[in-house]
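The first chain written gets the first letter, and so on, giving A, B, C and D; residue counts start at 1 in each chain.
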């Protein structure tokens, strides 16, 4: 299987983390899937992804002390494989795993994704649990000094141990049986532990063997630019930032990160700017809030993510979408850049302003994105000499957020609000 | 001017450093130019580049103690601009600079390049010399703590100082008058000093203003991958390694460096693997020697440089070329990858073997380069699944070093000598 | 209790590690104790220390794969406290712990020491075991991301957790009941984990509370010189090197380490050069060998350790002592520096030679140690100007290894064999 | 000569830098000397030290752009040795150097010190100036890549170059002729350049040869604790902090620095806390101000400097001393700790409070210094168990700043104002 065909354009979907943290349950997942099928699917949104700790008991119950309760009960089969906790996912009972939920989602013509942590459960290693397809046991492939610095569930696997590949193979065999379409593997992208690089290869091999086109997403970032070839060769998307949230201080460095990774966006290979922090957020974190970005900052985020062609994963609970946010997430012209633009390139970047261009792949047109990083409305000059190399054909063009036609002259500068952006097709 | 049009394909030429170090003189440059015009030009070779210290007196005379004699006499005009030392370049007398020599080279239908050090001469700063086009003097733009760690000639320039851009402008105004086609700026690519990044921009601006298409080459490496956008935007080529010499220990890491930079090879933008250390070398260093690479290692070097599409600069004295080396440098099929291949990509890399593929841009064909890094002859398997994505059309294909036709079957592995390479067009 | 009175002079004893690794058993410990009581005690040797893994089952049985078998059975009481494994220590049966063995050793007028790892057993954390004196359980004080990089037994303790001090208190309450005189705590001295600094304080508090004068030894090194005050305030000895073995490449840097720590040797405060790797070594490591040091290097090691006043712990099995080694370990004059010298100071250090001086505290005499670091016999000049500041009184003096009187003149240089040393009292 | 006899107790004096920066002149130096002789000498103050740039012309005239004007005129003799600029020091005319001024100061029974920069003048290197006592010239011993990062005057010297030691010898021969008693060498203590370590040794050798007891002070800090032996062996005092100024943020970390260096205070060896920033400050920096420390912070600074036994150098212009500041600088009891206390040791340090103790060397008494680091008045408990080890004999004792007798009971805590200190003799 050619993994680059699993995701020809950047994946678009919903992820449970930003709103639910570790607490999301089956009912909530279904509600989001139903909403997506009805209201968002036609705009390209298709993945429903359950994030971290679906296997854990009592998740969220010690939120004052722990995001991830250490040394706690997790659901696990006899082969050291984590299963959905039936407290949260009743349909998983009798060892059915995520199969029923995946089927529900597939019946809505959507795709189903899950999050996993790199490695093998600590509980399995201490209990010497079996591994499917080998006579080695969990303690023989687990590395006691290879841990995640922020989550206590797993031990990393010794890549050279007999049985290590068998373990990863057994995971994806199970996920293929369930009908999983997308796996976000965590504690692996940043390669905090040296084995991570080899474990990415093992994930790739396991997917190749499982016979199902499962998109592989790596987290958390920042990914290491000097390992770009490795990500491109073995994965479909990789996070280029640590967890992104709705703060300008986090949005600002995304311009530098996108500059860094711009030459690496290709079919089946997508540097990932992380979830869209829009709408209602944070309920599972214990203090639900409304997105802290100004409307202009939201437009800036989406403009950058779209012209760069990052995967897009919505972080809010979809059933709570307000009209403004829904409007952002259903702008066909803007979202269209994911599926029919290419060659995006930063033209200029200073502390005050940023300019990007790209080309449409379906018609003879180009895109021009202009960002004002200042705290006040500013005139951002168009660097025509560079922009014109993008084969700009249409003038007047269309500003895609407002939908208005814009007569841009060569000497023009564009007026942009504080922290805002304009995106022209021309 | 669009700097990407200055060098549409990777520059090919000769550079004085590897053979002459700091001692090359006018007669020697002319001899190399004549040889190139007669024997190499038809294969694409066209640049004649004079490397470091053409302005210095007595260069090479203290070779036991100093490669670059500190606190020594240099030739300089009243505007703080270095001129050719007439000891070595008699035609530069009467302030003519390199104009006569450039004319000689142009008359051979070749191009003329020079090396410069970042910054302004220390002598100028201490003497408070003038700068053309401003009333500021050298001491006002020189930064006394901004020096090169390995060469004593210059002070870095304060980018924010009034007169700094005027100084760089005045340099390129002079070089344009001389007829310079190529400038290799040293002590700048690795950005050892923080001002280097800004000085690259100042060089770019100076070239834009001078009105002549001067190719800008940055040295020494390794270039910083996180500054890729900056190099691409302001320069034509940038060194991805520190000084390269004829040792396997230096050739081996080039595979990793080429992996790192493979996505950054574009028209007008060429990551640079450094000079070809072939034939006779090192006379100016005081101990002339014959290239230490085995023949197989020489083929490995050229195969990698060519499929990667590095600029090619010959390091030996051309008049001393032996038949074997000349054969390497006049293989039309291999050198052709520089001008009519694209999309080169590493397919595999381990400690034992490396595989690259690319596509021909003129005809429906692909290239397959296979390298054996082992100390012994080995069978290197062809990863057909990945290779076949390169649209391989011709089977049997041609091995470009031997010229032999090769019937490659899907299950084939290729026998390659120790440290050797095969390059197929198919 | 004033911890500086627990060890007024540097502790001298035997440690099981260098010969037995993780495998030492009761019979072997007793045999070494008997030997020490009979042959070495009169020369100042008094501690019998059981090193790592006395609580572990099957230790040494997977030596080809693991020095410390991960996820394995350990002996532990209901309060998360490790107990001696009865496989190896039969007298520990019925919960008696090390009490019977300590009594045996005390009856020989020797002192008894044990090794512990920083933290609480991983098994206890996963099993939610109780902690004596608090209602908190092991999982509540263990930190899942605070581990030892080289040993899989424990989790570090969260210093701020309620119950953390109670846990350490409960350990030393038990050790005091057993009759432990010396605790070597491992994975703590180098402060690889940030909590280590606080855990040292917790160990100190636990010893203060337990009512028994237990010497606290910290391992492994190198200790951090910038934390010298902390070690001095809370511990009795701390390792200034990582594990020391019988290789000249490890002995050579000890001169630099001793220079670094020379101002920190005081009553109750001893920077520790690690075990004496003499005689037979390594049986438990699977390949018993004879000390790789030349006789001259052995003298160099002992001379440095003694003039510096490091604690001395013999690494070989005492029952196998050959005459030469025994001679080294029973040289009263040399060993006397530990108990009645002070103010040791490096006078000179170059790549070729080292000179130290110190003063006798009982009589009007000084010490002069001279080391030849060269690969050949050399003349090492005496720096009399500096040496004479040490109040040298006796000339002729005595060379303490040979026992010969030496008439040293002011102009003298001393002939010393390759890698050898001379130690004069004068 | 035994350099430890040059400064048996920590030097006390005045330094021109904090008030005058680079601008101090002969008249001002004399005024300060006269004031010291009349008002401060009896309290132990004796050094008059002229800080940086006494050889430079027009110093301070470009203060908006440069503290140290680059590429400017300096006074220098034919042997590459800097001389006082007669603009500022008229008595230096006719090559007399500082001899007349030193004589003036000696006639007041005070001692005379000067500041120098490590290395040889850049001007000398570029002009190939002679060096006394060798046929080598400045360019032959200067290292063009060995510079100071913050001052443009000098090149570092190649320690291995013939003539290098001769240069340093020639400097101190001149200083001995002038009658210099104290040399503060800058750009050397922190060892920013690798040669600095060797240059310290060369300074030591030059002093030994010059035949005059010249105290050697090294700057700037922080000194490297791992080089403690080197400082102790070759210098008399070395800065343990970068430039210290009157800001609480700089005073606070001095507690950590003093902890670090407490074991290294000995006769002739003084870790240096830097100048006392009291009274009027900063005129030469262009914006004269009154010390920003509160009175309590001033007491804290002096208490720490005195119990630690740092050298004391007054930074203000003495002729402007106000009564409060003068009172601080003439407290015989407090200043007495420099000459007759020893064994100072930090007892406790937290973010809130610090306690130090030391012993009197003349009488049976101890010292107790207590510091309140909090922003508010606090009760600081006395750690009697540790304090009593200092042989406290007198109770009631005396608080040395207030002069009041204090009846301290074992259960007492001391009330101390915000950022304040108490110093008891008891």
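As a working rule, a residue touches a chain if its C-beta (ideal position, glycine included) is under 8 Å from a C-beta of that chain, and two chains touch if they have at least 3 such contacts.
Please read these numbers as outputs of a predicted model, since none were measured by experiment.
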**Where subunit A and subunit C overlap in contact partners, by chain label** = none
**Message:** From the centre of subunit D, which other chain's Cα mean sits the farthest off?
**Reply:** A
**Request:** Please report how many Å separate the Cα centroid of subunit A from that of subunit B, as a whole number.
**Result:** 41
**Asked** Cα centroid separation between subunit A and subunit D, in whole Å?
**Response** 58
**Request:** Report, in whole Å, the distance between the mean C-alpha point of subunit B and the mean C-alpha point of subunit C.
**Result:** 58
**Item:** Two or more partner chains touched - positions in subunit A
**Value:** none
**Asked** Which pairs of chains touch each other?
**Response** A-B, A-C, B-D, C-D
**Item:** Sites on subunit D touched by subunit B in the complex
**Value:** 70-71, 122-123, 125-126, 128, 139, 142-145, 147-150, 152
**Complete:** Seen from subunit B, its contact residues with subunit A in the complex are 2, 225-226, 228-229, 259-260, 262-264, 346, 349, 385, 389
